[in-house]
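Below are two complexes that have chain A in common, paired first with chain B and then with chain C.
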Partner chain A sequence: MADLATDVLVVGSGAGGAITAAALARAGRTVTVVEEGPWVPADAMEPFSLEEMVAKYRHRGPAGALGNPAIAYVEGRCVGGSTEINSGLYHRLPEYLAAEWRSTYAIEEFSPEALGGYADRVEAELSVAPLPGAPPPSSAALERGATKLGWRNVDFARVFSYDAQGRGTKQTMSRTMIPRAVASGATVIPECRVVRLLRRGDRIVGARCRRTHPGGGVERLTIKAEHVFVCGGAIHSPALLQRSGIWRNIGNGLKMHPTIKIAARFPHPVDHGDVPTHRITEFSPFVAIGGSISRKGDVALALADTGAPFADALADWENISVYYAAIRSDGSGRVAALRGVRSPLVTYSLSEGDMSRLARGLVHLGELLLAAGATELHPSVAGGTIVRRPEELGSWWDQVTRARATIMTVHLTSSVRMGENRARTGADSFGRVWGYSNLRVNDASLIPDAPGVNPQAAIMALATRNCDHFLAGS
Partner chain B sequence: MLWFEREVVGALTESPDQPLRSSVEAFVDGYLRDMPEHLRAGVAGESVLLGTYVAALRRTGRIPAGDAAALTTLVDKWETSRIGVLRSYAKVMKSMVLLAENELAPAGGA
Partner chain C sequence: MTDSPTEVPSGPAAATVVVTGASGWLGQNLVRALAGRERIRCLVPSDDQASPLALIAPAIEVVVGDVRDPATVDRLFEGVGAEAAVFHAAAVIHPTRSTREFFDVNVGGTQNVLDRARRSGAGRFVHVSSNSPFGVNASPDEVFTEDSPYDPYLGYGRSKYEAEQLVQQADDRGDLPTVTVRAPWFYGPYQPARQSQFFRTIRRGRFPLIGDGTQRRSMAYTDNLVQGLLRAEVADKAPGNAYWVADARPYELREILATVRQALEAEGLPTSGPERLSLPRAAARLAERLDTLAQSRGRYVQPLHVLGELNHTIACDISRARAELGYEPTVELEEGMRASIRWCLDHGDQL
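And now, the complex of A and B:
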């Protein structure tokens, strides 16, 4: 068994972990980052390809939150975490939510102005920019449909840098903050799973890990640390705390943005290599409408959901793009570590209101796509009507049921909520886990509720803020 | 991958191209192996039960042995079953095969 010692141990290297590692290493702290997944070179794989899914996704693809209905979700598991596999969309936390959460959860230093300052710093550090030039056809369709219907829409910025020719490069954590952390002296250990944290009284003294070497050999590793930041995401941060015997308000209150989809067929070819950047904000924050990746495999999956024959449509896949309606759920879920099992049990319960919002979102999305010129809409609903005219959309209201709808999500939050209201939170206003003086969470788990927008910007701003607080106090 | 899962993947893969069929099977095999353990246990349990059921159907002559189309029809039926876990089983197997077959096929193929 090998032993290492470090000042700060950061568990996980995604949006929270990488920002934490870079901030603390730059401040002169000795930082060690452990990441369960591999370190995949940034340009080694085609974005959104099956090869990328196998290499960078946890479980090589979707996992499921059990419930009625079960909800598929995906997470990154590689150096850089989910920033390596997401669309890079960037949206600041809506100010009214910050104000609401500050009051509900008694969160200190959580004013919209304070958070705005941290967001400014994140945006200056990472390149956050809108797509230059005209939008591609899949994104233009959203803008066109919204304009015809008079709905509000936005071309979202992304964490991308663009060259003079307009070619974009996603500024993932493995391209940006991880190299910056390493340049400031941090050590990154990939393929190293933290089995559990080692407790002594109200302190964490280290972590017991299993490191897999390139040849396949597995080594037990104990890392002693003065401070530990757990940044494994909304599923795996609470699971690690629970495996370490820390359960109070940990893992309950999981939130997500449940999503329902439509494969839309157009009379012209659409693009398939990237995600549309336009979003419809007319029904925000409860329903958001946007576009998904639409490679041939994704189109095939979306077409298959109705259960109707789809060979004709699939043959025309280059004219098809996949779109979604995502809701801000008032249901909630739970993460529970199971003894002797690597993966936690994840459950989620959609409320009746959620089911109604999903149906509403699907119908609005259908209206939009028909207004944009789509000729055929395939909803992700078993037995769902394949719609060609606006008057057919009404049939979907009764078809979106728990037994028939295919629901998935890519946004998971709120499993270790922060705030001074101890009855409702697992960590204080700056991520310090209640009952432990040197244990912090610094990722999506802290966000007290589903933000209704891509949570990446909120995670990064919070992580920056919490690092400042840690450095000021230690 | 259990024997019945291999049979289901083979039945659901449409392409006659043997290298592609092998790649699809390898992808689904890897996906099943990497599933969260509790989900994998559920899928494996269903595979044993459903495999036994299909074997019984074949023994009694209700579906012909080795008929991939008949097995595909059964999986389609499970996908619309009133039993949630049966629906999920069919959905997982069909989705993974469909995704892999369409993503792994050479451009212009499948």
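And now, the complex of A and C:
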């Protein structure tokens, strides 16, 4: 058994963990980051490829949340976390939501001005930029359809930097904050899973870990720490706390953006290497519409959902792109660590209103794609009508049921909500876990409800804020 | 107080109107009030409801279809032209399959109609809402005003709340002036079968009175409500706002029951049984809990829902509609109930 000691232990290296590690290392603290997944060199794999999925995704692909219907979700499991695999879209937290949460959960220092200030700092640190030049066909289709219908749409900025030729590189944590943390003296230990935190009274004194060596050997490692920041994301942060015996308001209230899809066939080729940057905001915050990654495998999976033969469409895959409608859900879920089982049990319950919003989102998305010139729409609904004309869209309302719809999600949040309202939160306004003096959560788990937009900007701003608060108080 | 609704600044009524839910209880009253317009485009859900409606006035054009279906709502607005007034009265109050219908129709349908109204250049969109986005009053002497906070009551309340938000957002866009009219429990002619059942149970003394019956309810006689909708169409101050529209004052539940029995007697229908069938509040609380549980599983049981709600005060203040719409209710409870009863008798209903 090996032993290490550090001032600050950061568990996880995604949007929350990497920001935390860099902020605290720069402030002169001794920081050790442990990451369960591998450290994959930044340019080793083509973005959104199957190879990348196997290397960087937890479970090498989608995992399922149990419930009726089951919801598939994906998470990054590598140095950089989900920032390595997401679309990089950057959207500040809508101000009215911040105001609503501030009052519901009694969150201190959560005014639009305060959050805006932290967002400014994140944007100065990372490159946040719109796509230069004309949008590619998959994104232009969203804009064209929206313009025709008079629906509001936005070409979102991303955490990307673009060279003079307009070639973009996603500014993932492994390209940005992780190297910056290391440059300031932080140590990053990949392939190191924290089994449990070690408690003594109201303090965490360290973490018991299992570290896998490149050759395959596994060693037990105990890391002593003065302060612990758990940044494993909305599934694995609460699961680690629970494995460590901390359960009060931990793991319940999980939120997500349930998503339903359409594979749309156009009479012309569409691009397949990147994610469309246009989003339809007309129906926000209830329904958001956008485009998904549409490599050949993604197109095949999307075409298969109706259960109808799709060989003809697949042969034409270069003309097909996959789009989604995501909803703000008033259902919720929970994460529960099970003794002796490596992965926690994740359940999520969609309300009747959620099922209706998914159907509505699908119908809106169908209208948009037909207006954009799509000739054939394959919904992610078993037995769903393959729509070619607007008069056929209405049939989807009764086809989107728990039994037939294929629902997936990204954007898991809210499993350790923050705020001073102790009946509803697992951590205080700055992420300190109730009942512990030196244990903090600093990731998507703290966001008290689904933000209706890509949450990475909110996670980064919150993490920056909470680090400031920690540094000011210790 | 004034009887003259023209005292508030108002524009002209639209020559062309579009009415959803036109064959419903409120819709049939509304369409009759609109009969003089040049063009009345109506949406009804099924063929059998189309022909009775078309007989009301020659200017009526009926479109049959599902308000959730974008192509149906396209047909509803086809050729309507700009500056039409849209009255959106289509909604599900008592779903027959699951509580999902609340959201499909009340939210999804509202979004479709708003979207087409905007694209057709409608001059005003009048949305029929409810007390349900506001839940129940905290105490028997409280009344809702336009400043009361939202507190949606179960599935119907949540769906109408979401619909109100869509309507407000459409107005915020700046290219479709909208007005929301919040109607409480209404009564009047063209009522559905469940309302005849209401009269029958009261006549036989079987309608439950929860507790002492001093909880209050605002009610809206359909003619009063129609007047409110028509005022919302023209009043200058209305766009972007929501208004409570009801009878002049809330009634105590025991007064409602006694008045209905008087009205039945006055229309030659002797009443029987006890003046009131008292039920303890605990029974209503139990019904409310069971209703909540059923709805959480997507099920809707109408008797539970009605019984659960009877325990509460749901009362509103119509001052703002009076001041800004020039609304002035003209019919009171007994007169309105007598008219309803007469309508039932005229249509062969056994009360």
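The definition used in the following text is that the second predicted complex is superposed on the first by the 474 of 474 C-alpha atoms of A that agree within 3 Å, B and C clash if a C-alpha of one lies under 4 Å from a C-alpha of the other, contacts with A are read in each partner's own complex, and residues count from 1 in each chain.
Going forward, contacts are C-beta pairs under 8 Å (C-beta built on N, C-alpha and C of every residue); 3 or more make two chains touch, one makes a residue touch a chain.
Fair warning: this is a prediction, and the values are worked out from it, not measured in the lab.
**Student:** So if we stack both complexes on chain A, do chain B and chain C clash, or do they fit?
**Tutor:** fit
**Student:** Using the superposed model, give me the angle at chain A's CA centre between the CA centres of chain B and chain C, as a multiple of 10 °.
**Tutor:** If I round to tens, I get 100 degrees.
**Student:** For A:Asn68 in the superposed arrangement: first (chain B), second (chain C), both or neither?
**Tutor:** Touch status of A:Asn68: first partner only.
**Student:** Examine A:Glu95 and indicate which partner it touches, taking first as chain B and second as chain C; both and neither are also allowed.
**Tutor:** Neither: A:Glu95 stays clear of chain B and chain C.
**Student:** Is A:Glu367 touching the first partner chain B, the second partner chain C, both, or neither of them?
**Tutor:** In the superposed model, A:Glu367 contacts chain C only, not chain B.
**Student:** Using the touch definition from the top, say if A:Gly307 reaches chain B (first), chain C (second), both or neither.
**Tutor:** The first partner, chain B, only.
**Student:** Is A:Arg60 contacted by the first partner chain B, the second partner chain C, both or neither?
**Tutor:** A:Arg60 contacts chain B only, not chain C.
**Student:** Should A:Glu420 be classified as contacting the first partner (chain B), the second (chain C), both, or neither?
**Tutor:** It touches nothing on chain B or chain C.
**Student:** Determine, under the contact definition given at the top, whether A:Glu352 touches first (chain B), second (chain C), both, or neither.
**Tutor:** The answer is second: A:Glu352 touches chain C but not chain B.
**Student:** In this superposition, which partner touches a larger number of chain A residues, chain B or chain C?
**Tutor:** Between chain B and chain C, B touches the greater number of residues in chain A.
**Student:** Between chain B (first) and chain C (second), which, if any, makes contact with A:Asp202: first, second, both or neither?
**Tutor:** A:Asp202 contacts neither chain B nor chain C.
**Student:** So after superposition, what is the minimum Cα distance from chain B to chain C, given in Å?
**Tutor:** Distance of closest C-alpha approach: 18 Å.
**Student:** Contact residues on chain C for chain A in the complex?
**Tutor:** Within the complex, chain C contacts chain A at residues 66, 68-72, 74, 98-100, 102-104, 107-108, 111, 115, 118-119, 155, 158-159, 162, 166, 173, 298.
**Student:** Can you list the chain B residues touching chain A in their complex?
**Tutor:** Contact set of chain B toward chain A: 27, 30-31, 34-39, 76, 79-80, 82, 84, 87-88, 91, 94-96, 98-104.
**Student:** Quick one: which bits of chain A touch chain C in the complex? Just the residue numbers, please.
**Tutor:** Its residues touching chain C are 149-150, 152, 283, 286, 330, 352-353, 355-357, 359-360, 363-364, 367, 390-391, 393-394, 397.
**Student:** Taking the touch rule as given, give the residues of chain A at its contact with chain B in the complex, in rising order.
**Tutor:** Within the complex, chain A contacts chain B at residues 49-50, 54, 59-61, 63-64, 68-70, 295-301, 304, 307, 314, 338, 341-345, 382-383, 403, 406.
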